[in-house]
Amino acid sequence: MGKRTEDLIIIENKHLSPEFFILELSGKDNLADFRPGQFVQVRVEGSPETFLRRPISIYDVDFVKNTFKLFFQIAGKGTSVLSKLKAGDSLNLIYPLGTSFTVPEKNEKVLLVGGGVGIAPLLFLGKCMNEKGNIPDILLGFRNSERIVEVDQFREAGKVFLTTEDGSVGEKGFVTNHSLLLQTKYDKIFCCGPESMMKSVASYCRKNSIFCEVSLENLMACGFGVCLCCVADTVRGNLCSCIDGPVFNLNDLKW
Amino acid sequence: MVNLGFSIGDLYFKNPVLTASGTFGNGTEFDDFFDVSRLGGILLKGTTLENREGNPYPRMAETPSGMLNSVGLQNKGIDYFESEIYPKVKNYDTNVIVNINGSYIDDYVSLAERINSLENIPAAELNISCPNVKMGGMAFGTNPVSAREVIREVRKVYRKKLIVKLSPNVTSIIEFARIAEDEGADSVSLINTLLGMAIDVSKMKPSLATITGGLSGPAVKPVALRMVWQVANAVKIPVIGMGGIMTATDALEFMLAGASAVQVGTASFIDPQASVKILEGIENFMIQKGITDIGEIVGFINRKSV
Amino acid sequence: MVNLGFSIGDLYFKNPVLTASGTFGNGTEFDDFFDVSRLGGILLKGTTLENREGNPYPRMAETPSGMLNSVGLQNKGIDYFESEIYPKVKNYDTNVIVNINGSYIDDYVSLAERINSLENIPAAELNISCPNVKMGGMAFGTNPVSAREVIREVRKVYRKKLIVKLSPNVTSIIEFARIAEDEGADSVSLINTLLGMAIDVSKMKPSLATITGGLSGPAVKPVALRMVWQVANAVKIPVIGMGGIMTATDALEFMLAGASAVQVGTASFIDPQASVKILEGIENFMIQKGITDIGEIVGFINRKSV
Amino acid sequence: MGKRTEDLIIIENKHLSPEFFILELSGKDNLADFRPGQFVQVRVEGSPETFLRRPISIYDVDFVKNTFKLFFQIAGKGTSVLSKLKAGDSLNLIYPLGTSFTVPEKNEKVLLVGGGVGIAPLLFLGKCMNEKGNIPDILLGFRNSERIVEVDQFREAGKVFLTTEDGSVGEKGFVTNHSLLLQTKYDKIFCCGPESMMKSVASYCRKNSIFCEVSLENLMACGFGVCLCCVADTVRGNLCSCIDGPVFNLNDLKW
């Protein structure tokens, strides 16, 4: 189908917490071309402060109902306007955008690592793995117990382990300190979250020669490769994180 | 039917809606969204002789009704352009124009020579107004002596239509437009971005790695429009207006002020189909007002005692 | 408690939030809304020797995140000011500053002499940047020779604090800031409005009776901030920043870039209490960040390797 | 009380037609200082196109319930956003602003002339007259029958006469052609509407030496006398239509 821009109807805007929301959208065309790790560019109407679109990952896709979900956190004006949308409202999107995770084969030992709202692109990845018969381990890090969301959804896709910075649930500390990484030797790690988290996962993977893909959240103006604002510094020079990413193989990044 | 065509010298454009360099990639990125050949012309991203990596990230900051960028002319150079990009764009049924850039006059000249020999590139836009490079760029476009020199030297070698893109970061843009006309430019385009800046207060540091960047989008429209009006009243060559055009109404403002054509820039980031919607909007306006020739609109406010 | 005070020479301001000339009337219009004496200073509307009716209506056009005005220094002249306005404003417990304007150098000089003798006016802002008058105004502020001359002549007669208000409609605002400093100005304030224009497409005519006008509001903020940053790094006298400041965060951007104080302009039209809310916001920011002296913020991004 | 800026709660947003609306607002302070002809400056939230406030006349005041109404027409982006507000939403206003009509005494023969949405400030004026025991004639002009609104409200304040441009209701043509003006000799005429209408009423009054006050709708930036954008050309020079107006005596205007 290729990239397209469309007004989609909101089926539900689920308030998980004062900060976290899930928007479910009714697809227009077939969504068969959606890949895990890809994102959409959302037009935020009614806000003088949001001139540009806002990039949000594809969280979950229901190919039968032909719907998909966006999982987001209020970060500023744009996401705050999104949080107030209601079922029946429409949302203008450009989609699907960007590269996707390389979905692992059945017998690879895989860990998905997500931090905060960075867990977003991993659920769809997990589900795509399940279809190939692979059940990943999933390590999710949150600031504290109040910020833990959507864990049940992830449990459907794999075996979930938790960390919180304050130790209120799961192991205490950052994801890279989790005992899992000492116990298990993974073939592949897929990661999305705050940059500091991704960088420490990356250095763990480098040290242990583990295949690793990360999803960057660089600032974007267009989202489809024409403004060159979203570049990541890679071994092949500056590459756009909206078309050559957001998913990059660690080997390509100068981390 | 309404007549939307206009010409720069003997180069005909089927309609006055072009795209602005650096905001339309190589055109091909828009193939998914609409038929690029419907536009009057497309301006490809800024090209230099050699490969350039541009400035460090972050290169973008959102501002009220606008954005700052400090891309800094990232591109793969003219060799790559010839071998990889030109073959893909040369068959668009529209005027495909290259935006040429350099650090030294010789760079511009060499580049102009290379572009000159590309059959399906009927015009070049000489960018002497990029605010995001350390050498060349805006330094040429804000100094009358060097502006004249670079235009003169390029004109000597470049035999197709030469459009000079002016910087708004000057006391008198009329002065520079006249220099371009004097030196044989076929057209002037304006405005490039206004030099601006933003600070991330929570982090207490500049939003851009380069501190300053170029401001574009609706925020600059009143300034751009004023400059286009000034220039259109000062030179005889066709003026191509741009700066914050988001809608057909915006485009018509520029044409009423004297622009023969417009370029759509930042708008394409927000709506990839912005340019073609603007084209349709202009057509509708003409039908509604019973105007049959776009030429009647160009400079209308300067002709009538309004 | 945090220290918000700053000084221009020996003139102390209790906090860095002032109001911009032409957007705050004579201050008294705001008495209903808040206690004007809470501000660091207020700049009264542009004053000339003689009574002026300003430009014809329409004088205003809304633009994306901004507005154009072509008021053209309407005011009742210095006699009226002395007899009617001064008595009302002289007892505000804040620095009351007059913005002085003229068509010829002599006008500025005569006006400066008159203001000099008003005991409770501790400073004057020399406006050489009004884009909306046919004579004087911006013509002085965009020509280095006449800028120097008018500042020099006014400095000869004016013995209190002289603030020179700079025009952004120039290639290098640094040049003009240095001229002001050279000629003994105590401070520079910037930016005045950017020259802009709007067209009413449905009526096919300019929105303003004067065709062009001055652009203010958030749209100009990135340009204003860049200029303040450039000037703050080029001169030693205190810099007063303005242009599109709507919130405390905006004000802090200017101060981080090097402004010792800010002026709130167009924001007061939308929220008459904008200035005092900005003051409170700056105080809160300092408390949150544990900053005790506002001086630590001024020019922070220029001191740190950020 | 003086001018103030406040968030007021919307009690009702009544859709009279696709174009015309009445917003009823709950007053915070006492509204006793409201005068007929005065206006409010409305902050339109959620619209990138409305940077400045929008001036709207005070249409009606209920001193008992302490509420007041704004009567408006969709003219562009700002009023279109206003039209979508709902009971319970809040609206930020600066008010009360401007000069007021000179409320006539009991035995003066008075005509109120309104055109289109310009009828707005006249209802409150009529009611203030009623309190003094004066029942005015009220001449209202509309484009066509579909645009006729609120006539019943005006009937409570005086004797209503109608004109439409197409003659579908009332007399055909412009208000100044109405037979009423041939039959009756008025002491005072108060007028608000499109400029062309006010100018023809003005010239009628000048010719017949009738006291006349008109309410101008000049473009405004501030609304409280500090920007000097809204000037009217008067015999005393340029005066601000937001503080020296919007109500002007015809003798002051250079019409």
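Chains here go by letter, A, B, C and D, matching the order in which they are written, and residues are numbered from 1 within each.
As a convention for this text, contacts are C-beta pairs under 8 Å (C-beta built on N, C-alpha and C of every residue); 3 or more make two chains touch, one makes a residue touch a chain.
Predicted model only: the values in this text are computed from it and were never measured.
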- Given chain B and chain C, the chains that contact each of them: none
- Task: For chain A and chain D, let me know how many angstrom lie between their CA-based centres, rounded off.
- Result: 54
- Message: Suppose each chain is reduced to the average of its Cα coordinates; what separation in Å results between chain C and chain D?
- Response: 36
- chain B to chain D: how many Å between their CA centres? 47
- Send over the residues of chain A in touch with two or more other chains. 48, 51
- Task: Mark out which residues of chain C touch at least two other chains, giving numbers and ranges.
- Result: 63-66, 217-218
- Message: Using the definition of touching given at the top, classify the network of chains in this structure as line, ring, star, complete or other.
- Response: ring
- Query: Which pairs of chains touch each other?
  - Reply: A-B, A-D, B-C, C-D
- Per the touch rule above, chain B residues touching chain C in the complex are 63-66, 68, 142, 169-171, 194-199, 201, 204-206, 211-212, 215, 217-223, 225-226, 229, 244, 249, 252-253, 256-257, 285, 300-301, 304, 306
- Query: Any idea which chain A residues touch chain B in the complex?
  - Reply: 2-5, 43, 48-53, 94, 218-233, 237-238
- Query: For chain D, which residues are in contact with chain A within the complex?
  - Reply: 46-48, 51
- Message: If we count contacts the way the header does, which residues on chain B are in touch with chain A in the complex?
- Response: 22-25, 29-33, 45, 51, 53-54, 56-67, 69, 71, 74, 217-218, 266, 268-273
